[in-house]
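First chain written, first letter: the chains are A, B, C, D, E and F, and each begins at residue 1.
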Amino acid sequence: MSNIPWQDKPKNSNDVMWRYSENPIIDRYAIPSSNSIFNSAVVPFGDGFAGVFRCDNKAVQMNIFAGFSSNGIDWEINHEPIVMQAGNTDMIDSDYKYDPRVVFIEDRYWITWCNGYHGPTIGIGYTFDFKEFFQCENAFLPFNRNGVLFPQKINGKYAMLSRPSDNGHTPFGDIYISYSPDMKYWGEHRCVMKAAPFEDSAWQCTKIGAGPIPILTDEGWLMLYHGVITTCNGFRYAMGAAILDENQPDRVKYRTQPYLLGPAVSYEQNGDVPNVVFPCAALHDIKEDKLVVYYGAADTVVAMAFGKLSEVIEFTKNNSL
Amino acid sequence: MSNIPWQDKPKNSNDVMWRYSENPIIDRYAIPSSNSIFNSAVVPFGDGFAGVFRCDNKAVQMNIFAGFSSNGIDWEINHEPIVMQAGNTDMIDSDYKYDPRVVFIEDRYWITWCNGYHGPTIGIGYTFDFKEFFQCENAFLPFNRNGVLFPQKINGKYAMLSRPSDNGHTPFGDIYISYSPDMKYWGEHRCVMKAAPFEDSAWQCTKIGAGPIPILTDEGWLMLYHGVITTCNGFRYAMGAAILDENQPDRVKYRTQPYLLGPAVSYEQNGDVPNVVFPCAALHDIKEDKLVVYYGAADTVVAMAFGKLSEVIEFTKNNSL
Amino acid sequence: MSNIPWQDKPKNSNDVMWRYSENPIIDRYAIPSSNSIFNSAVVPFGDGFAGVFRCDNKAVQMNIFAGFSSNGIDWEINHEPIVMQAGNTDMIDSDYKYDPRVVFIEDRYWITWCNGYHGPTIGIGYTFDFKEFFQCENAFLPFNRNGVLFPQKINGKYAMLSRPSDNGHTPFGDIYISYSPDMKYWGEHRCVMKAAPFEDSAWQCTKIGAGPIPILTDEGWLMLYHGVITTCNGFRYAMGAAILDENQPDRVKYRTQPYLLGPAVSYEQNGDVPNVVFPCAALHDIKEDKLVVYYGAADTVVAMAFGKLSEVIEFTKNNSL
Amino acid sequence: MSNIPWQDKPKNSNDVMWRYSENPIIDRYAIPSSNSIFNSAVVPFGDGFAGVFRCDNKAVQMNIFAGFSSNGIDWEINHEPIVMQAGNTDMIDSDYKYDPRVVFIEDRYWITWCNGYHGPTIGIGYTFDFKEFFQCENAFLPFNRNGVLFPQKINGKYAMLSRPSDNGHTPFGDIYISYSPDMKYWGEHRCVMKAAPFEDSAWQCTKIGAGPIPILTDEGWLMLYHGVITTCNGFRYAMGAAILDENQPDRVKYRTQPYLLGPAVSYEQNGDVPNVVFPCAALHDIKEDKLVVYYGAADTVVAMAFGKLSEVIEFTKNNSL
Amino acid sequence: MSNIPWQDKPKNSNDVMWRYSENPIIDRYAIPSSNSIFNSAVVPFGDGFAGVFRCDNKAVQMNIFAGFSSNGIDWEINHEPIVMQAGNTDMIDSDYKYDPRVVFIEDRYWITWCNGYHGPTIGIGYTFDFKEFFQCENAFLPFNRNGVLFPQKINGKYAMLSRPSDNGHTPFGDIYISYSPDMKYWGEHRCVMKAAPFEDSAWQCTKIGAGPIPILTDEGWLMLYHGVITTCNGFRYAMGAAILDENQPDRVKYRTQPYLLGPAVSYEQNGDVPNVVFPCAALHDIKEDKLVVYYGAADTVVAMAFGKLSEVIEFTKNNSL
Amino acid sequence: MSNIPWQDKPKNSNDVMWRYSENPIIDRYAIPSSNSIFNSAVVPFGDGFAGVFRCDNKAVQMNIFAGFSSNGIDWEINHEPIVMQAGNTDMIDSDYKYDPRVVFIEDRYWITWCNGYHGPTIGIGYTFDFKEFFQCENAFLPFNRNGVLFPQKINGKYAMLSRPSDNGHTPFGDIYISYSPDMKYWGEHRCVMKAAPFEDSAWQCTKIGAGPIPILTDEGWLMLYHGVITTCNGFRYAMGAAILDENQPDRVKYRTQPYLLGPAVSYEQNGDVPNVVFPCAALHDIKEDKLVVYYGAADTVVAMAFGKLSEVIEFTKNNSL
């Protein structure tokens, strides 16, 4: 991956991950209809990059839009939301779509998102070209959020992380894994990782959810995730990392006790939902040892953070809960 | 079915369903360890009947027990809970088991129940003889309750009703259907029926959940279910009926606006949870036009109610919401 | 009033008010469609009595029904709910009707009830004969309950007690008075009486609401009312009495610190809502010094209680909060 | 109206309404006692403008103050709150006053506000000169907020919009209309407009309330209003518009699905209550096609926004829910 | 103790503790002012027994009353509440008194109760004769309930169990121990025992609190206690037992996983708070191997249960959580 | 005290207390492990100052750290948390430590903090040199916060203010005082001051808690404290002052109706908990008439405010609730 976007660590910084100096990279009003653009996903595509973006319009209806970029930083987002055709089902209605993830598996780009079907559940779709999109059966019954596919089959099956929820601003949430032979029927559900005890790691004591597509490393699957604490003024979202066993990804090998990135600058502290850092996508280059995370900030804009892949892994191993 | 338990409708009664005069048929202390026995399932077995019973012990731990009866009324319940062997999975741990349903499909008796796996979800097991029991993969991610199998495959797949929930005394709940090719992976989730508007049918306005195994009739699947209203002193559970399309059971053809049976006698009004009528099993004889419903009363004991199958269907059609 | 229903105080009883020995006088299933009959109103009519009854049907839809009695104890209730014609308004829709009160003023019987118009508010109607009924404008904006008219104009205006509420099982509630020149426009709202401090009179510390039509006595208006305490198992409703100034009825002269009647017998403790005594109507005969209260018990049935009018007044004066 | 304050739309802006570049126009500490000044009302008066301002003092007691301006932008606010004399009632006590609206009808300036009388309800007063003020009967029983008068009688009666509430941070709220022959007794209450379904227009899905005095246009009454969404970090208030039928203003002809102005700049995102845009007053000039909205920002300061009246109307018609 | 009240175990019963056949022994109306008499304490006194009784009057004000009995079953309770004189403090006001315990230590009878001082906390008093009573300093800051003294000093200090609470129907609660050199200043607070995990012993998973005065046995201190489960219809209180280390009573040696007595008969299931068994006192005779527990039933009446001391201890050891 | 940090009041300011122009004085990342540093305590020590600082690490674990400064403004905080040795107890475990206060009494520096022992309670420790620290018995049972010692014995006993709480984001809270002969056993608990009525002083209507060590003045004890209002977006914390009787400090002589300092600048409005001003320490110089308050801002950083001691006292007397 020759063109991964990058900015070196600031001098004097000891942080494992650092923000892009020109954040946010996508403004809330970047397309005419939008109230906010955040919690979005990007992948390498052709010579550049493609993405699926959560754009809430000014009616605050949630939908997903395709976008393209040559450098991963400057994005052109379509002004119209993605229109779905029937994939492995005819039932492709959805009341809303939000928080997409994108991953290339085998021959196509799979998209998962929070799909409104009598409440939030996990929608699945695919595209070959980011022009035509096909919607499949929802993976699960409601209520669920943060469905994240692994980038390859595990033991011959598709694997998906998710976070069972309720029908509101869920005050709990753990990460589970489920398997499917065919992207239509899902089973073998296992609990992967639960919210942490308050005394041990309060930033992730209310709920946790998988973020970008997991990255296969020598240590196992690097899973970036969000953790939430309930303050007396609401939820605060920060980002951590875990390493899951390569072949049995319901086994957590390491998990950061400290967060990697928490809301601390203006565009993370001010917006429609203050104090939110919510990662949904990552680019990485193993050879160059680079990791780029795309995250929603304050439920309003898209921002980027950088890290050395090896340092993130080391930090996760050395600061494990 | 020559030996269906029965008691004629009381003179002067106009009710569509009526209670057994010797209710409750199973007392809360019917086995030495029990605090309460309720929300249990029975099926014809051999010359008589077998059942799977929810017995909460005096530590108020919830578990399921096998039991046997020659007449469907007088029951011998084992003093030890069912021990599970591995079915289609090795993961057969459960924190608790409650509210079982039992159905014979093809060659064996399938059991579903609310299974404690990091919260309530739907456990699946089977037995050939009510002596050896085999536990399969949970059908769904938590949180779910009231998983009820159809007694035959529909369009070549197993079909299960369930009620997605949250992790407490869930204040909402609708009935969904899901399909599986193999009792291991589940998908094609569809919403079947939602709680009713308060103004239209308040007894079922908080939540609803499937009860006994659906019964195939000329009109479609007769599904008895419980509905809940939230009074200022808590939940009140009553029983209604719906008729689902035979081949597309997510289509509701009829659904009772009035309840069929609501808590009104002492053993339904007094107990560990007052004002609960909770049906979990039914026997029927099409030829004799008989329907027998087994229901938990006040979360404490097991009771029976009778009805003419044809009258229940007529009532459902004529009083549809 | 020659025919007031009556039963003498039981020997050895020191209670100010006592229950009718044959309670409940109206069973939950007294008409074919009913799930429960309670919180209802009666008045002298012709040679006997007429009433407006809250009958929730078996869909638990709430509506009001006319009924008649020769002795005030044995009632014939119509099997169909009251149908309203336009009174002083064309807007006579209502989602539900419950908890009626009835009073004769000048030339007709006025009925008030909790009327469902985008939430509960106070409906007003009238009849001359309990056959034809006319619905008027709602008195107030939602949310309100327990609207109770005074039996005569005060200072030339109609006067109504009510209890502003919210849109659920309201956990607060005080009694207000409002005035109207014409039964259409209402104003001059005044707070009459608030829920009592827990330490002083806990049975009425959550909320209070007016019950029967106030009775003019030498001491002022005798207002029977319900008071509610929140126990760890929900609300408990009991009955008390207050005496309001004749000409300035927002002035409370006396108010019982103890309750007059609290739920203590089976039909008050068991039913759809346990532990409810809810008075909605009273008959009285000044000369015979008799007071008869009709109250809903456990939100399920109608019961009666008796008292000597003079003793009730003395008790209220001598045990005032 | 020759002197309406104005600032042209910024180049490159496509917004229907735009902020004043010198916002906020009134600082939180603009008078010595104030903690915050917001949610306030202005009208043309003499050669300039007068207003009634909500100033919470540093004890966070809420009260209303008169103020004056020659240009509608620079304001002198009295240092002492308005003192009320008896209008059509002697009962002019109030525990607090907030969120005033002002309108000239016939011969005087009418003021409505949220008045503390055993909870929030709608207070009414008037002045001829913004020096002497007269308080009338409260329009309604508690609990109510956002009482807004129409600027002329409708069908011969005064008309007022309001939002029935509960006694706290009400999590629901719809707009109603009521009528009065005399500003003392109110009735003929009708529901005008309800909070929107989440899927259709989430910014207004928790509650809505009328803002400035409605403006009569060729299309009907232009009603600017606030809508609220509940995020996981609390309420977010934005502004929309609706057009009501001229003669039957409970009929909504159009209503913006998108918001017109949502919190997006620092003084709207930071303050005592973050993320609040709360319009309470507007000036307009039909001939010049100008609309100026005064709104409270973050419950802390007063700000202005501008729009072309015709564009606001077109936008409302073309983007109707 | 020659006169301990007693009734043998019913034939065919396998229960460790059994109810008195004439329960309840004290009716809710046993004194003229009472609404309910429950959660009360008794001790041997003179030739018979004395007690301190919680009598809520008909205003539902909570207070404690002295009473006397020759046989421990038939009680004469004073008609006036206990009047306190100054003990080791002048601050003897209390808003309410409830749930007393009584114990003889050294030279006097100590009484503890839930004392209303800006919320519930633990009041302390003493008497020599059950005629004159002296009130001491409250043991703790609010909020606390169920303060229970040990019957002798431990390591030279007074020791008291208690359950820190909040200011309402507390949904949590564990048992702590505190020590005092002088019954005035308290410290060395230790957690003794917490509510049990739902999966292990649900009847005591919401909260627990000490009941009667602990009884010194060969195994250690036998502490009877109440445990609470939250059903969808509220709290359910049952009784269990624990054995604490004699010298280090914050060490729990055994604790019953099953309850010893749970609400199952009418006077426990019906009353002001249904489904409550709440032990507050016990008599025992080591030689005769008898244990008598006095418990409040349904927050309405006083009942008794019996057990063989040795069997209770064996059961606790053999069924320990 | 020759070296009290100081900055004169800004020209044109009429505020009684004013912020330091270089605020915040301690950044959230001032030590390598920290996520935030706030709610901390300082005292004169040697030639300069010492302090105990609440540093939440990036796992959001709460602990206290020693720090030193020569001028009271520039601080060196240890990178490792304080390690406790046994003081008057062996039970020195704690799950977390936060919100410390420090005071010199007689011969040593006493530290109190919120100590995690099965929930929050008041921990006590001491040091002579800020190198070695000794932990004593917790003062109270859980749940408690904001324990603040008086700087000298009162009537021969140690005296401590505290705020009884519950186990979450407590929505209530009043200030109490307790006494101890020995820093081990505590009693004589008295309510000092309660949250104010909403109508009188809403900024302190939800809860209040003592802040810095009280300062003895000619008028009595000057107690700075925080008060909290519940807005629709959460809690808002501001600072007020009270004057307590010198010898009977449960008697409040004066108490500010307005706040002295409320959140109004960026570092108070933005951070992990927006809108928090939380004073924990003060330096003062009677002769120079100087008062310096250290306060946590937005639960993220430490800031300073200045005032003339005499003006603060005058203001408190002249603006008393």
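By our rule, a contact is a pair of C-beta atoms (placed from the backbone, for glycine too) under 8 Å apart; a residue touches a chain by one contact, two chains touch by 3 or more.
All values reported here derive from a predicted model rather than from experimental measurement.
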| item | value |
| --- | --- |
| Path length in the contact graph (chain A to chain C, fewest steps) | 2 |
| Mutual neighbours - chains that touch chain B and chain F alike | A, E |
| Selected from A-B, E-F or C-E, interface repeating B-C by over half of its contact pairs | C-E |
| Copies chain E and chain C - interface residue numbers shared by over half, same or different | different |
| Inter-copy rotation, chain E to chain F, in degrees (Cα atoms; steps of 5) | 180 |
| Remotest chain, chain E as reference, centres from CA atoms | D |
| Chain centre separation in whole Å, for chain F relative to chain D (CA means) | 41 |
| Of all residues in chain E, the ones touching two or more other chains | 233-234, 270, 274-275 |
| Touching pairs among all chains present in the structure | A-B, A-D, A-F, B-C, B-E, C-D, C-E, D-F, E-F |
| Contact set on chain B toward chain E in their complex | 28, 32-33, 35, 56-62, 95-96, 116, 169, 233-235, 270-275, 299 |
| Of chain F, residues touching chain D in the complex | 14, 199-203, 229-234, 236, 257-259, 262-264, 266, 269-270, 274-275, 321 |
| Chain D-touching residues of chain C, taken from the complex the two chains share | 89, 91, 117-119, 121, 137-144, 162, 164, 166-167, 172, 174, 176, 178-181, 184-191, 194 |
